[in-house]
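As written, the chains take the letters A, B, C, D and E, and residue 1 is the first residue of each chain.
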Amino acid sequence: MGLAPGSVVFTGNRKVDNVLIHYVQYNATQLVEKVLDSHEQCILDPAHDHKVDWYDIRGMHDVELINFVGETFSIHPLIQEAFVHTSQRPNFDEFENGIFITLKALSFDTSERKVHKEHVAIFFNNGFVLTAQETESDLFSSVRERISLEKGRIRKRGADYLAYALIDAIVDHYYVVLEEIEDVIESVEEQMITTQEYSGKSEIHHLKKELLVLRKAISPLREAISRFAKTENELVNDSSKVYVRDLYEHTVQIMDTVESYRDIMNGLQDLFISEVSFKMNKVMQLLTLISAVFIPLTFLAGIYGMNFQNMPELNYKYGYFILLGVMLILFAAILVFFRRKKWL
Amino acid sequence: MGLAPGSVVFTGNRKVDNVLIHYVQYNATQLVEKVLDSHEQCILDPAHDHKVDWYDIRGMHDVELINFVGETFSIHPLIQEAFVHTSQRPNFDEFENGIFITLKALSFDTSERKVHKEHVAIFFNNGFVLTAQETESDLFSSVRERISLEKGRIRKRGADYLAYALIDAIVDHYYVVLEEIEDVIESVEEQMITTQEYSGKSEIHHLKKELLVLRKAISPLREAISRFAKTENELVNDSSKVYVRDLYEHTVQIMDTVESYRDIMNGLQDLFISEVSFKMNKVMQLLTLISAVFIPLTFLAGIYGMNFQNMPELNYKYGYFILLGVMLILFAAILVFFRRKKWL
Amino acid sequence: MGLAPGSVVFTGNRKVDNVLIHYVQYNATQLVEKVLDSHEQCILDPAHDHKVDWYDIRGMHDVELINFVGETFSIHPLIQEAFVHTSQRPNFDEFENGIFITLKALSFDTSERKVHKEHVAIFFNNGFVLTAQETESDLFSSVRERISLEKGRIRKRGADYLAYALIDAIVDHYYVVLEEIEDVIESVEEQMITTQEYSGKSEIHHLKKELLVLRKAISPLREAISRFAKTENELVNDSSKVYVRDLYEHTVQIMDTVESYRDIMNGLQDLFISEVSFKMNKVMQLLTLISAVFIPLTFLAGIYGMNFQNMPELNYKYGYFILLGVMLILFAAILVFFRRKKWL
Amino acid sequence: MGLAPGSVVFTGNRKVDNVLIHYVQYNATQLVEKVLDSHEQCILDPAHDHKVDWYDIRGMHDVELINFVGETFSIHPLIQEAFVHTSQRPNFDEFENGIFITLKALSFDTSERKVHKEHVAIFFNNGFVLTAQETESDLFSSVRERISLEKGRIRKRGADYLAYALIDAIVDHYYVVLEEIEDVIESVEEQMITTQEYSGKSEIHHLKKELLVLRKAISPLREAISRFAKTENELVNDSSKVYVRDLYEHTVQIMDTVESYRDIMNGLQDLFISEVSFKMNKVMQLLTLISAVFIPLTFLAGIYGMNFQNMPELNYKYGYFILLGVMLILFAAILVFFRRKKWL
Amino acid sequence: MGLAPGSVVFTGNRKVDNVLIHYVQYNATQLVEKVLDSHEQCILDPAHDHKVDWYDIRGMHDVELINFVGETFSIHPLIQEAFVHTSQRPNFDEFENGIFITLKALSFDTSERKVHKEHVAIFFNNGFVLTAQETESDLFSSVRERISLEKGRIRKRGADYLAYALIDAIVDHYYVVLEEIEDVIESVEEQMITTQEYSGKSEIHHLKKELLVLRKAISPLREAISRFAKTENELVNDSSKVYVRDLYEHTVQIMDTVESYRDIMNGLQDLFISEVSFKMNKVMQLLTLISAVFIPLTFLAGIYGMNFQNMPELNYKYGYFILLGVMLILFAAILVFFRRKKWL
């Protein structure tokens, strides 16, 4: 609040004890990997000969480190700020000396049915990639593996392809999240149709909120990747753009799926509400039916409970039994009538 | 997950035992048809003299075959991946050496009231068309017939027109699906208005979900065909574009119809809910009415069931019969009153 | 289904026994009118000297005739197909040798409260206009009259103005349809507020569906006319475009009106549902009230119907009458209380 | 219906007995005002020396006059038609020899809570402005006053600025209408929260309809003024466009306000429905509660009203009083229980 | 109403007793601060040597002062009008001699749960910035502090950066407002799920209205800043535009958040209504259940309260006790049945 724009301030709450920098340098034939743990170490020789330098910072609270790295590689203050601004919305920005992309890594906690977001920032220019993740656990392990295989396509390409591959790895995981959510939706759907439990209400509301979280993370990413695919920037090769366009299609598909889940959830909620009210009314109807059956019978009993001196029926020998018979017949007739009307 | 982009991995679940390639080569005067069942066979002489080569792969799980074909005709790895990626969204993509289109063949199972999707991939460049279908049953039989007629327009035109004709054959079938769904909607509508059954609820929800499936298949196709119609690519002739524009109009019309079905289904759901609640309240009203009729009468009987020593009416000779008469009149009066109020 | 695109197949169901062609040729000074009933007759001398030739086909099932005319005036196969494809959506298409427009003539059957659609196709190029209507009854009589007046503006202008005038005649009739629907909506509205009838439900649903029909006919027409107004085609004069722009404004206004009717119908439905449920609850409340009044009184009567030996009140001389008085007072008090609470 | 486009036909229903033309001619230093009441009078010397001629016609049914004026100043037939076509939608149109704008003057009748529309047409070209209003009462009095002040900005500017000023005067009045509607909405809102009356239902529906009327008048005006602000027409000075842009901002703001009123009305309706159903259920609950209290007590009384020979309690000396005590305690206990549950 | 456009009229209602002008002049090395309280004082030497002159007017009702300042610095009359027109919508406008931006400073009163708006106007050109706030309390204190620090980036930049920094300070505060509203929403959400109170209804309606206020302030600002970021005006440096683009991203994110809050509030309202109706029905069900239990028992008692002479059971020695037993068993059986059905 009230700070100069470009002030690097950490706004998240998940911290890593020891911020480490995972460093990889590769080209088609060579590969160097290092883990750096102090500021001074990270000024390494820049990459020559079509090499790519990738610095991956794990943990975002070490503002000083980001500042140091930012100054060293002359990164714009606004980018430095965005690197640690964990509530930043996914975005694609072109600066004079590089391209900057932020996005959210998502995961779904199936037990709590909660979507977790992790802020990821990627900056790259010619032969240089700088990334930051919130936690020590690596979101990019699949990319790292592909780099370690000498014949992988990634080894023959530049920083733009690496940046693409990193985003692709995260977007790929969205499919997993969507599948897990679909499982939850289907289980809710099944429960609703088969059981008489009323416990689903807040669950539906909760799931709808989680879908909003998802949409807030994915919708701006779609725009960001669209701009990535259309950029005229010379840092992005045409051969890489084919892949980014493909990635864009994936985000559109994911977004469509999220929207259709929201439609389904809205439908489920309507179904649920009408179902609950239907079942409850059904119960009320049954209860009211009991009254409707016994009240006329009670009236009959009331008649013969009167104390008039001259009530001939009372003196009939089988009057009582005849009345009981009448009541029984009436009772049966009402039941049959109700059953015919399908109220019972 | 975590694989390099362009990795050809089968993601569907419908498999064909024996993947066959149906091969057709034709021009205005000549026609060759073959069925190939091993990899080696499919390297045939390319088409000369304005001939068109059409390879139609039935079954998608044979990743190796796709790879082999892809390498043979130098198809981009991303296209190879998309050929077998059955959950891919309909799309139109231009690559350096060809145009790639994916779409969904739809069919409607009227007994289960379920929409089935089949993934279809079409790649074409100058004189060469490669298609893939999920199952052995042929989606393109109508096109095949037209090719076999020597004087058909299709025989005089190139690969772009064939690609168009294949898509057109699938889109044409959407009209059938829509009609079948319309029948279901109308039967649901009629049932709702004429019967007292309450079974429609989950059916409406189900139909709305199927319409979502439809929309997810058709909406991106509309965009894809729009891009097909507007492409500047020299692989697509101007004379073919007239047809593609016409096809575009069809997809727009289909999409409009799907949207109006969704509107109708929403209206039906509202109607259903209000109808159900109306009927149920009607029943409750009738039951409550029974109570409202008998409770005052029971009160009267209760009065004369009291044991006060001095109750003159009890000693009247015809007291009992007078009371019975009064009750009967009251009963009739209440009924008349209720009927006048249209509650009965 | 499965036919080659451009195959001329009649898809409608309203047929005319004898397909006639109404032929008009005019310029500022001359006018020729003929009715042709065989194929051969329709090859007439083309119009010279700024004359306009208008062929108006009444009836669409005579595919052969359409084919013959199409070949004669070298009309594109896709247009021939669209001429008889009665479920075609309104559209504007430019071909090499002419402009093709389809639209729907609408009429409202006030007794059945149903919107009827008639397919109309218009093709024109320099000095030549070809139209087709589904029935023998003439949709263009007003235009025909204007042509028959020698000093009308239409006589001095070309085929483009005639095409415009024909569309304008049909769009003008939409206003009539809208007014008739508005009358129906207002009568429904009034009925709902003044009467206690519950019959309006399916009527509202029905009207909403008819509005969907309207929207499906008008919304694409709006786009089509917008493209007509903006076309760069030299077949359309700038002086005619002023009129087409005006026509476009009309379609926008009509579309707006349809949308506002849909809003009103949705509002009416909400009002109706809440009104019905309100009235029904009001009845339930009244019935429940009867129980609530008599049950305490019945309890009192029950007390003095008990057979305890020692119940002093039973022996009081006026005990019975005192109790009756108490009951009456209680009854009145409850009624007053309910009336104060505005429940009665 | 069925008339040639450009036919000048009056379609409104509000008429003025005597159509007058108010004529003003001014420049920075001179001012002439006249009221003309016959056709011949209105051919006045055209304005020279940067003068502006403004003809303001009050009343629209004198089609002949419009025709006469139209011919005199060579106005396009379509404009002549639109001048008297009172149901025309707000629009901005550029013709060869001038610019034509139609809009709606709005007023709100607070007693009937009804929005009244008046059709206004403005045509201008270099130094000439022609306007038409439906009634004799002047919508432009504020502009007239500003013109009469010699030092006002309007005197130094041309016909385009006058046209702008006239529209601005009408749009300014929209704010008054909005404020009056806001007052009504707030009074409805307050009534709903504080009173138990159920009379608000049709009122909300009515207000929503009036807001639709407003939207239909303002939404196309916004577009029209946007086109006015962006026109390349040399009849509109750049210095005037600054003002038109400002006017555009006002219409956007007004439109936003109308939309937010619609949102509020929808919210109010939901609130109202739930409020009504809540109150009604509350009453039902209370009534049902009375039954629930007395039915168990009546059962107890029924027990001791039985005629078994051997019922020891009946012979206890204080049996009756003990039972009365038990009933009283039970009654109190039930009441306390209900009150604890907050049902009472 | 009815005034000439550009008339400077104060339309707000919050006034400051003494309108003061806070004046700051700075460049990278020098800084002058003054508070001016009379009109004459504010004609200061314009800034030379890359200095920036910032006049900050606190209070808007002193129309004369605005007029005076406007004339002195030759500001367009429309801008002068907008400076004091507090109900103006956020906007970005380019004039010949400067750029004009209006926006709303927002704050949230957590006790009343009300959003307060303050009108802010910013005009700048080369080296000159004029701002106006409604109250004496400074919205720009954070910017003022940064200016007072000699090494801040702001000191080295021009008027465009200052304008940006001022807007940024206000937009930054929107995040605080959003957080406070989120707290309220969450507390409402929790209350609804945990308590049985029905007090939330008007609260939800109220919050939805406040979110509309927010949206009306932020949505046009987003557009305004988008135009700021894209302006070709030479008054805005490219190096500043990077920051404005960043600011634009923030407004998009804020707007997204507001929209998702609206979604959540709508969901909460649905949840609330269904929750209330569910709880109320639950109560009704319980009450009806009491009737359903006791009415059959009362019927039994009624039977044995009849006065038939021949009712054998009455003479059984333990008849009474047997019946009591039967009733107890029946009572228990019904309760068990209801509990099994989960109605109790």
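Quick note on the criterion: a contact is a pair of C-beta atoms (placed from the backbone, for glycine too) under 8 Å apart; a residue touches a chain by one contact, two chains touch by 3 or more.
Computed from a prediction, not measured in an experiment: that's the story for all the values here.
Participant: Need the graph distance between subunit C and subunit E over the touch network, please.
Facilitator: Minimum step count, subunit C to subunit E: 2.
Participant: Between subunit B and subunit D, what is the separation of their C-alpha centroids in Å?
Facilitator: Once rounded, the distance between the two centres reads 42 Å.
Participant: At what distance in angstrom does the C-alpha mean of subunit B lie from that of subunit A?
Facilitator: 26
Participant: Note the residues in subunit E that touch 2 or more other chains, in rising order.
Facilitator: 277, 284, 288, 291, 295, 298, 302, 305-307, 311
Participant: Draw the chains as points, connect those that touch, then say whether the picture is a line, ring, star, complete or other.
Facilitator: Shape = ring; chains linked end to end, path closes on itself.
Participant: If we count contacts the way the header does, which residues on subunit A are in touch with subunit B in the complex?
Facilitator: The touching residues are 141-142, 145-146, 152-154, 165, 168-169, 172-173, 175-176, 193, 242-243, 245-247, 249, 252-253, 256-257, 260, 263-264, 267-268, 270-271, 274-275, 277-278, 281-282, 284-285, 288-289, 291-292, 295-296, 298-299, 302-303, 305-311, 341-343.
Participant: Which residues of subunit B touch subunit A in the complex?
Facilitator: For subunit B paired with subunit A, touching residues are 1-6, 76-78, 82, 88-89, 91, 93, 95, 196, 198, 201-202, 205, 208-209, 212, 215-216, 219-220, 269, 273, 276-277, 280-281, 283-284, 287-288, 290-291, 294-295, 297-298, 301-302, 304-307, 311, 313-320, 323-324.
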